[in-house]
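I am attaching a structure below and will ask some questions about it afterwards.
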Amino acid sequence: MEEARYEYLLQLGDSDLILGQRLAALCGHGPALEEDIAMSNVALDLIGQARFWLSYAAEIKGGDADEDTLAFLRDAPAYRNVLLVEQPNGDYGHTIVRQCFYDVWHFFVLQALMQSTDTRIADIAAKSIKEVQYHVERSGDWVVRLGDGTEESHRRTQAAVDKLWRYTGELFRSSEAEQALVEAGIAVDVATLYEPWRAHMQALFEEATLELPGDQPMQCGGKHGEHTEHLGYVLAEMQHLQRSYPGARW
Amino acid sequence: APDEAAFQARIDEGIKIEPKDEMPDAYRKTLVRQISQHAHSEIVGQLPEGNWLTRAPTLERKLILLAKVQDEAGHGLYLYSAAETLGASRDDMQADLLSGKAKYSSIFNYPTLTWADIGAIGWLVDGAAIINQIPICRCSYGPYARAMVRVCKEESFHQRQGFDILHKLCTGTQEQKDMAQDALNRWWWPSVMMHGPRDADSVNTAQSMQWKIKLFTNDELRQKYIDQTVPQADFLGLTIPDPDLKWNEETGHYDFGEPDWDEFWNVLKGYGPCNQERLQARIDAHEGGAWVREAAAAHAEKRPRRREAAAA
Amino acid sequence: MEEARYEYLLQLGDSDLILGQRLAALCGHGPALEEDIAMSNVALDLIGQARFWLSYAAEIKGGDADEDTLAFLRDAPAYRNVLLVEQPNGDYGHTIVRQCFYDVWHFFVLQALMQSTDTRIADIAAKSIKEVQYHVERSGDWVVRLGDGTEESHRRTQAAVDKLWRYTGELFRSSEAEQALVEAGIAVDVATLYEPWRAHMQALFEEATLELPGDQPMQCGGKHGEHTEHLGYVLAEMQHLQRSYPGARW
Amino acid sequence: APDEAAFQARIDEGIKIEPKDEMPDAYRKTLVRQISQHAHSEIVGQLPEGNWLTRAPTLERKLILLAKVQDEAGHGLYLYSAAETLGASRDDMQADLLSGKAKYSSIFNYPTLTWADIGAIGWLVDGAAIINQIPICRCSYGPYARAMVRVCKEESFHQRQGFDILHKLCTGTQEQKDMAQDALNRWWWPSVMMHGPRDADSVNTAQSMQWKIKLFTNDELRQKYIDQTVPQADFLGLTIPDPDLKWNEETGHYDFGEPDWDEFWNVLKGYGPCNQERLQARIDAHEGGAWVREAAAAHAEKRPRRREAAAA
């Protein structure tokens, strides 16, 4: 069970971390100053939450593991984030759609985890959910603005939806580690979140005049370390300093 | 002119000038130029540090740096707002930045090559900026003075964070100490030049001082900066790359060598190591974000029309 | 003297390696199949030559240094390549102009080094110069084609020239290590190569209907480890595997 | 038709068909489809391996990989030329690739996630390709057969290089062995599916075999591939991820399990892990290179005119 709990905490922490890392790269390059600031806030929240999850994971792992050894000294196959969050920022339409898909899922996950029988998990979820509530509102607002904005913004945003949709299936499919924990009341059964997530998206997309894609084969693998080709580059950059000066303290 | 005399009298009495007050055109123009230049510096200043956001060595350092870069965007916002109270539009000011017409602080045209540079920027660049800015908290134009109070508070926090980065390096491995010394070697002289050219070569200083937009001369600020910074370098165990630097018992100040003013003017004219990259990054962000801003505007116009239609 | 020789060999090897690395990233993404193949050839030549220089440098350094420890375990400030070669590929105009500036310089350097009193250096130069002769022809041909092609290609290529020119000054300025070796007849005095290089460029640019930029302050620093912000990213990617699995053999 | 009978008779006699020979339309079309598809596979096949060019772990490995990816571009060239002898134009073939009308080998829609994948591609993917291609060296169409001789020679060199990468990993640290096993786990089934669908589900096989474009059925090739590869995996100390795999004394072949044919069809229909990325990379290269190709064409036209003017 401890191994499963460790894996599960990595799933939660790695997804927050990698999405935070992607957003951090946008800082100073956003479409408007206010946007830059708001997006940095989301990145700050996500990386902050990642620290909670990874610190807890490190305690379970024991030894000299800590949030930083987990973040900086695992190679891509040991990362457990969902594929969605490692996709490139692309244009702002892609950034926002990726964010919206994740935020709404993230909210439902944390909402359920507040009832976790693991009180440490429940506490982290309770601390995080207010931040994520704001993320949901913000990315949803932008999906509507971009979807129902100009012809160009509509086209770009629909293209982002069509491109990123294939990474949403994984959000609702449990890994083996997760399944074991669901039975113990520790983890949420993500399959049960699909209907509310989809209903939320449907309402939002209607307002945004965007179309939800039809059924199609989904890309999975992140939760057991089979990523897309992007993650290796993200980590090479993120980990370079820690890897290059082994044992140094920063 | 009698109006100008009255205006000067108010300033001399220490009365703050507020947006709706009458003011000489030249005062207004000088302020707009200076405040917008300051705002641009905050915005462009995000870039050199932003260069290490994806590579910060710990999660905590990454968060601190991200929060800092975000603060800089916030400073840009207050400052653009302060300039707007003088009738300048943010769009115009940004257009002047992107066209190269408006300047920003030359220090941001230097590259950040190692993690130690992030420490050096916090310690030296923010340190020099604070020295320049603290007097502005008492400047004659109310909105600028008030914006600066907020900016300075955050900057001094940033300066401590930068110092802390270097302190960690200086108590670390030999490689880390070398990294810190190398960063000091590269950032020292550019930071010393942040106070502007020598008083003898500085234009407009007299008028600005009379208007209490500027309260100290460049050379006064530079001396203050050096006097403050040398003991900090000693504390870190780092060597300031100036062979002429030494304590002068008589004056109670440090004597120091002459910066390379040719380099200063070259960078100002656009020939620094990163001038092209910095401006291009801002142009790319502006142009790449055009469709997003247009979409937001289009949607804002649609929304009330929809509501009306729904209500009808 | 050995320290100077080591530094000098790094200058030669690092410049070849980093340019080869930049070109390798283009492989499979070039503007035409034949171009892809030709550009890969240049990359192969440059990385091959880098191996000669770095192996020699490693012998001087001694211990367990070899071409790979030098390539994969030095961080940016220890790299000695000129700034020109680390500049991004940009559009193909930038790639070609960067290449042309380097190739012509490279040719003159090797030509002089064939007379080096260090016979090992002279041998490597002699082995390499035929390859570089071909590089010079190829990038020169393309500068003419692009400069004197369409209006668009002319504009793009002139923009590349204007952007990259500031990195050419460094090619003709000796580092301290170099100066010491020049006196011993080991290194070439690069200052003497400026006139022939410039004459070559002038003739080429005339045919290409391009303009050589006027005098301006030049960017230097690569030869003593002060690089542009690009090199850190190049190395983070290039070195990730070696850094992540210390001590492994590949 | 009498012509077709005569044509078939020549094929049956083992006479090679050459470009200027008469041939049935269907023969020509089948060959153009197959050769261009093969050429596209070489071109798209550059991408998954190209993904590790900047990250190869030693300079020697980087050179070997670069030379290999370059060879693939070369194979693409010969094959496009072979298809051109049948009247197809390279521009049209490439347009069909970019529009998604023409296919390429589905194996290249899988990602390369670790360095071991580069070994696995050489060993398994090139291994399977060689099994498919060696018979084509004896196919009825001369230019295709001759191109294939050259391709196969280089491919078998590549296969040994891939095997060598894995061998090094398998005699390395535990982490490296795990990396190798993980790569085999991911690439095994896709490589087994490289020989195409089961004979029962394969269209056109009979006609192609009659024309000696195809000399063995998919299932025959698959068996040959597995029989050849299993002992190599044993040598490396790796476990093939097929619980049903076992030596069958009676048949003298390995029995093996059923691949996931749903996955096969999904990837073929465009839903593999990297279909979008691969095609987009080719489209980006094509569109991004348009101005370069136009410039070369424009210059080629100018040059002789200049020469004439100079001579006049």
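A, B, C and D label the chains in the order they appear, each numbered from 1.
As a working rule, contacts are C-beta pairs under 8 Å (C-beta built on N, C-alpha and C of every residue); 3 or more make two chains touch, one makes a residue touch a chain.
This is a predicted model, so every value here is computed, not measured.
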item: Whole-Å gap between the CA centroids of chain A and chain B; value: 35
item: Length of the line joining the C-alpha centres of chain B and chain D, rounded to whole Å; value: 57
item: Multi-partner residues of chain A (at least 2 other chains); value: 75, 232, 236-237, 240
item: Residue numbers of chain B (touch at least two other chains); value: 55
item: Category of the chain touch graph - line, ring, star, complete, other; value: other
item: All chain pairs that touch each other; value: A-B, A-C, A-D, B-C, C-D
item: Of all residues in chain B, those that touch chain C in their complex; value: 51, 55, 111-114, 179, 182, 186, 266, 271, 273-274, 276-277
item: Residue ranges of chain D touching chain C (in the complex, touch as defined); value: 43, 46-47, 50, 53-63, 66-67, 69-70, 73-74, 76-77, 80, 115, 165, 168-169, 172-173, 175-176, 281, 284-285, 288-296, 298-300, 302
item: Chain D-touching residues of chain A, taken from the complex the two chains share; value: 75-77, 163, 166, 216-217, 219, 221, 226-229, 232, 236
item: Contact footprint of chain A on chain C as seen in their complex; value: 75, 232-233, 235-237, 239-240, 243-244, 246
item: Of chain C, residues touching chain D in the complex; value: 17, 21, 24-25, 27-37, 40-41, 43-44, 47-48, 50-51, 54, 67-68, 71-72, 91-92, 144-146, 148-150, 152-153, 156, 237-238, 240-242, 245, 247-250
